[in-house]
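Each of the next two complexes has subunit A plus one other chain: subunit B in the first, subunit C in the second.
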Partner chain A sequence: MSNPVLIIGAGVAGMTAAVELADSGIKTILVERQETVGGNALDLYKAFPTDDCFYCFEGNRWRPGIRKCFYRSALTDQPNISLRMNSEIGDISGAPDQFSVKLKVGPGYVNPKKCTMCGLCLEKSEAFRLLSPQCQPQAVVYDPTKADDGAKQAEEECPTKAINLGAQPTEETVQVSDIVIATGYHEMQPVNVDEYNYGKHPNIITQLELAKIIDPIGESGGVPVRPSDGKPAKRVMMVQCVGSRDENYYPYCSKICCIFALKHANILTQERDDVKVSVVYMDIRTYDRYERYYRESRNTGVEFVRGRVSLIEPRKDDTLDITVYDSLLDKYLKFSVDLFVLSSALEPSEGTDKLIETLGIKSTSGFVGMVDPASENEVVVGDHIYACGAALGPAEVPESVTQARAVVSKILQSRK
Partner chain B sequence: MAETEESTGPPATLIDPIEMSKLDTKFREEIHSMPNGEELSACFACSTCTAACPIANIWKYKPHQLIRMILLGMRDEVLSSDEIWLCLTCFQCQERCPQKVRVTDIFFDCKNLAAEEGKVPPNIVGLGKELLEKGQLYTVTADWEREDMGLEPDVPGLSVDGLRNILKETRTSKLVDGDK
Partner chain C sequence: MDDNKSAVLICTCGKQLQLGFDFLETQVKKMDLATSVDVHDLVCQEEGLPKIAELLKASSGHLVIAACSSQKIQPRIDQYLDSKGLDSSQIQYVNIREHSAWVHKDLDEANQKSVDMIRGTLARSAKSTKRNIEQKEISTHVTVIGGGIAGVESALSLSNLGYEVSLLEITDELGGHVRSLPVVAPTGKSGKEILSSRLDMLQNDNNIIIMTKTRVKYVTGEMGNFTVHYTSEDEEERTLNTSAIVLATGFKEFKPTSMDEYRYGKNPDVITQFELSCMLSEGKLTRPSDDKPIKEVVMIQCVGSRSEDYKKDCSKLCCTFAIDNSLEIIERIPDANVRIVYMDIRVPFENEMIYKESREKGVDYIRGRVSMTWEQDGTTYVRVYDSLLDKYLETPVDLLVLSAAILPPDGITELSETLGYAIEDDGHVKELYGKLRRNETRRRGVVAAGGVTRPQFVFEAVTDAQAGALIIHNELQGGKIESVSRGAVLNADDCVGCSLCAQQCPRGVPLMIEQIEDEEADEEQKILFKATIDTLNCHSCGVCQSLCPSGATQLNFLSNDQLWSEIEATLEDAGPEYPITLCFYCEECSVSTIDIVGTRKMEYPANTRLIPVPCAGRVSIIDLLKAFEHGASTVMIAACEKDRCHIGGTGNEIAQVQVDVARDILNAIGWKGERVDMFRMFSAEPERFTNAVNEMVKRAKELGPTPVHEGTAGKWMEVTE
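Now for the complex of A and B:
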């Protein structure tokens, strides 16, 4: 019996790899740092290229290629998958094919196998939260920093006895044959890009923050609102290439920000009431079939301004006056907007550098680099070490899934 | 800047920007709804039209800028620009446009809108006057070329009266009379 496969990160790529390996009869250990699986994709309400809702299974049932909801429910029910939430990777030692990996497993306050999400604890204490109705594992989460008497009461009264407030973090060492890095990306917080005033005004946000605001299950029910006062935003301006293609930050093109900016623009103009969207850009890079997002947004009246932002002046009513240099007209234009959205660079997620160092693998602009750049095996990053999804660089969902399946294929081939 | 009192941001600079709120946002729809405007919004400002234009080099606003100005709502600037009248109507821009924007035809639409508002350059009005009076822009004269070719001095069977009568009843006459 071979050792199990360790998969780091339960986002789109990691979940796909875990479920497909498990379905092929291979034991996997899926480690996730956060309290729910899904990664960045969880915050998106629609995903390109199909514009499918990220929550419901119903809409996708007839389409066998898209099984994301199935993946999530498989995570707790597939016996070959051992899911470790709240957990991080410690030291890695040993030779390829027999790695010895230390796991720092976070305290399991709520047992997901027992929790029925009845909501009793949510009423008792604010320390308990339901991250999303579709969260996986299907359980509430507990924040120990908000511990109160209500939490203790909830522990006692929980009908299924799923809560254990005394849970402690544990450490364990696992023996694994292969390591799959699926650590994904992180959206840069552009606090250092002075010209955009990010972090200095509540109505200056990033694209992922906008995604949360316009998410129908979010606080505003999907209405685009200004974070400053919760009033509906009628005029939205987006600016592309914030920190991407910038030698001061990240020299590479983050590849998917144009598409998700246009996706958001289309949602705002087509599905929300009376919102005017302007996009300030250097180049719109909607590669491959995504050109349709660009054409669609132009048709629906999204205003495109080729140029850069020269000045942001906040007003007392929380609107922003934004002066943009239009390089096509060679003129300066002054807009008044409610929301200013930065398409910020996608950077390697936190800890990627350490992981690269520990495993002694290559790095490409901070992301995991493939062993042989000339080879077609972009998922092979070391001996018995693989990577998939945005751990290799900014990637869209279908690409992450394809890479995850490539990893599965490689591992199966190595074991035949 | 009148609003400086309100501003809590950095100080104003020497930039004197175009106030977007003062532009005519309906202009885009106005052109879009005209017979040639259907693909107007498809423009992605690649400047192919300007590259194709044989005379845009001497224009203040290049063809792609005029389209941009229409999209932004700079109605007055577009309709009172010389460029829409200087267009040779060679249709090169329209032929080459990768997004099927009918650039030349849109300039015709702009000319029609400008004419309705009486914004026609004097030299164009002059041409209209010529047409009204003579029924043709270039009068054929008995010159040495016709003589060399053995042609009679007047073009046989040329009658401009009908055309002149038609023009009198159409917008051409209104344009010319309106100028007086």
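Now for the complex of A and C:
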């Protein structure tokens, strides 16, 4: 019998790869460092191109229908998937086809197979939390820094005895045949991009932060509000290419920020009350059918300013005065806004550099690069090493999922 | 043991659910269809699973579990029972947690709702049947149509997965557009180099038969048993039997002859970007009109793309191609002057760096439009509007290169007539579901790969082809299909040959088969066609069932009888004093939305009763009217968003039609059409469900008692029997 396949990262890409492999009868170990699967998708509300939920991925073949929300993916109960939450990858040794990988598994305070989400502990202590109604495993998580008596009580009274406050981290070494890198991306925190004052004013945020604010599951129930005082934001300005296409940060184009900026602009202008949006850009890059988002936003009155932001001045009432150089009019324009949203670069997720180094594979601007560019096999990044999703570079969900399938296809082909 | 009766297992969720379990127990005990009632604290845990097994054995498969969302616990339960060699296929679930206890404050009302829904589920359970595992063997042959990079990669991947492949190419050579690309971004290699190793592998692969100069005319049959009708060079029609089809016929470049401003087709020095690629590949770079050297080159972006008159969307590849080609020109003619006229330069990811390189190497970018092209004294001129400088510029050119739109290839509409895939507004093959199922088409067993679905870079087309091969492998399972027979089953005797099922099945499963009249031809009775349905190919939506006029096709896990008796039992206590809104919800986005409403404990009125269906398309006009017949005040269907139906994209549109017709009927008989409605939802916006339910409850109140409540209902009730 072959060794299992190791998948690093349980975003949409890693989850799809795991489920497809498992359905094909191949054992997988799915390692995720967070406490829920889903990665970035869990926080992004609605996805282009279909404008429905972000937390959706391929369901199992043995469950009818063709896609499932994260919460009903039953990843904890799949016979061929060993799901390791809260875990990191340590040393990797051994030859391709028989890698030996050290896993550092974080303390398992709540046993996800036992928790029924009954809610008892949530009432006892603030140390317990439901990360999202869509979380998978469907279980509460425990934050030891908030430990209190209530937590102890919950440990005793939990009907399924799912809680173990004394849990310790563990380590183990697994033998795997193939490694799939699905470590995704991270949205750059533009604290160093001086001209935008990010981190210095609460109403200057990133697109990911905006996504959380306009998510109906969020605190404001989906109403766009200013973080400074929770008042509705009526005027929103977005600025593109923050940290992307910029020699000082990332020279590449992050590829999807124009699309998600306009997705957000359209939600704000069409589905929320009375919000005015302006977008400051160099080129609007809505490839292919995503051009629809550009057309729609122009038709619904989103204002586009080709140029760059030259000055940001906070006002006492928490609004921001923004001066923009408009290169089409060759003029400086002045705006007053409630929210200033930075379409910040997508960078490799933390630790990607180390992984690339440990495995001795190629890098493409810091992301994982294909082993042989001339083959155009983008998902093959080494001998028995594959990658899919945003680990390969900024990617949208459909691409990530197609790549995950290509990886599975390649692994099955290699095992025939 | 009575075959109709079921055991009932009720879960208290670790005693944490706010429900009157004693009340539930006594009420359910009174129900005729319940053999036994057990209240358990943790059905889904180690202690609960053996209880399920025990009850299942005792009730010979008929078991109702009233607990939390089946979306959560069913996989675990199925797996456990499977490991014990028990058949779980008849278990019916009812959600008393997310759909009742967690969303209703009033204990009595939540109790009553739970009891009603358990009663309904018992009725469904009474008529449930066992579903067995069935096997069938099919040929392991797959046909790939189109021999470009996607087709070639598909063939190789499928062969590696153990399939025999016929690769059909209409021209005399494999390779498609890639063959003529001088450089393929981001590799810097020529298209020929990228192809060569793959072509070698093809030649050496005994499982792949390459058929060039082959044109596919049409296809008959279904997944597992398609027949491809094609012609070869000699124009004679031949056939090929195959189990699945990869459509990889690529794209074509727009020929902008109709755009007068560019004089394409009239002036030989005006060419398209792909024509320039071919020139560069062939190594000859001179003015086409007179073979003189080239110095002034102007490229125009978005020709026919991003335009209301031609293609509305962006063609994605042309900016990168233009930059690649301009670098290639500068490389070969160092003193050439290349200017690119554009609206936005769209180069994804690292292609941005090539864009930057081109600027450093002197390619000039002008943001604007070309308004006119003309010839004067043997020289070609263009007039460019520069929107940054707000100025017009007139300049002579040796070569005017049009980055023409990427369009769908010829012939896909014709093929769609027999292959049954849907076509997107822009003429490309429509993907089954844009977010997650890009390779699949509406038709089972037909996968699309590469440019035929959308403009794709070479590496994307390769990935697409590899992923497409997996999809086919998932479907064909190496030729030995083994799966639970869960889906539509056709009783051919009842079929009246109307072909509604064949026309409307979202996955193209039912086929109309001509009946061979072996008996004496009966002049009177001339049913020439009858439907056939391969249950193992079926996607279990129930659309055919809801449309079939004669009940010939029915889902084997939710027959008409089952649903009707569930409706009746659920509504047993419905009446004018306590008006009930009955909600049919699909077990895809709607069940999720309703579950998330529960998880978030968002309250809504408790005089609502919920009945699950696999897809909204399963609900027929008759089902809707049955609900009124049995006392519902208002009836709603909760379904996935428009064009987002999980099953082929159209199940919920069929449901919409049923609702519209039901409303017309209600209006016609004076029952007020607003009593029935359909709502679209997905779990990211849980308030869509609460808004919908509030609306229907409000209507129930406002519209008052129905004629059924008042005893004045007309005769239509009999018609439905």
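In this section, the second predicted complex is superposed on the first by the 399 of 416 C-alpha atoms of A that agree within 3 Å, B and C clash if a C-alpha of one lies under 4 Å from a C-alpha of the other, contacts with A are read in each partner's own complex, and residues count from 1 in each chain.
The rule is short, and it goes like this: a residue touches a chain if its C-beta (ideal position, glycine included) is under 8 Å from a C-beta of that chain, and two chains touch if they have at least 3 such contacts.
It should be emphasised that the depicted structure is a prediction, and the values quoted were computed from it without experimental measurement.
Peer 1: Could you say whether A:V408 touches subunit B, subunit C, both of them, or neither, answering first, second, both or neither?
Peer 2: It touches subunit C, and subunit B stays clear.
Peer 1: Check the residue A:E35 against both partner chains and state whether it touches subunit B (first), subunit C (second), both, or neither.
Peer 2: neither
Peer 1: Which partner chains sit in contact with A:R295 here, subunit B, subunit C, both or neither? Use first/second/both/neither.
Peer 2: The answer is both, since A:R295 touches subunit B and subunit C.
Peer 1: Between subunit B and subunit C, whom does A:L333 touch in the aligned arrangement: first, second, both, or neither?
Peer 2: A:L333: touches subunit B, not subunit C.
Peer 1: Please determine whether it is subunit B or subunit C that touches the greater number of subunit A residues.
Peer 2: In the superposed model, C touches more residues of subunit A.
Peer 1: Answer with first, second, both or neither: which of subunit B and subunit C does A:I284 touch in the superposed model?
Peer 2: both
Peer 1: Report for A:G393: first if it touches subunit B alone, second if subunit C alone, otherwise both or neither.
Peer 2: second
Peer 1: After superposition on the shared chain, which partner residues are touched by A:P314: those of subunit B (first), subunit C (second), both, or neither?
Peer 2: Only subunit B is touched by A:P314; subunit C is not.
Peer 1: Pick one for A:E187: touches subunit B only (first), subunit C only (second), both, or neither.
Peer 2: neither
Peer 1: Mind working out whether A:F304 is in touch with subunit B, subunit C, both or neither, as first, second, both or neither?
Peer 2: A:F304: touches subunit B, not subunit C.
Peer 1: Show me the subunit A residues, by the header's touch rule, that subunit B contacts in one structure and subunit C contacts in the other.
Peer 2: On subunit A, the residues that contact subunit B in one structure and subunit C in the other are 284, 295, 328.
Peer 1: Going by the contact rule set out above, which residues of subunit A touch subunit C in the complex?
Peer 2: So the residues of subunit A touching subunit C come out as 20, 23-24, 45-47, 49-58, 60-61, 63-67, 69, 71-72, 74, 77-79, 114, 116-120, 130, 133-134, 138, 158-160, 215-217, 244-245, 251-255, 283-292, 295, 327-328, 330, 364-365, 370, 373-379, 393-394, 397-399, 401-403, 405-406, 408-410, 412-413, 416.
Peer 1: Write out the stretch or stretches of subunit C touching subunit A in their complex.
Peer 2: Of all residues in subunit C, those touching subunit A are 13-17, 41-42, 44-45, 68-69, 71-72, 75-76, 79, 149, 157, 160-162, 184, 186-189, 193-194, 197, 306, 312-316, 344-353, 356, 387-388, 390, 426, 432-439, 454-455, 458-460, 462-464, 466-467, 469-471, 473-474, 486, 539-540, 587-589, 592, 595-596, 599-600, 614, 640-641, 643-644, 646-647, 682-687.
Peer 1: Looking at the complex, which residues from subunit A come into contact with subunit B?
Peer 2: Subunit A residues touching subunit B: 284, 294-295, 298-299, 301, 303-304, 306, 310-316, 321, 323-324, 326, 328-329, 331-336.
Peer 1: Please name which positions on subunit B make contact with subunit A in the complex.
Peer 2: 3, 6-10, 12-13, 15-21, 28, 41-45, 47, 64-65, 68-69, 71-72
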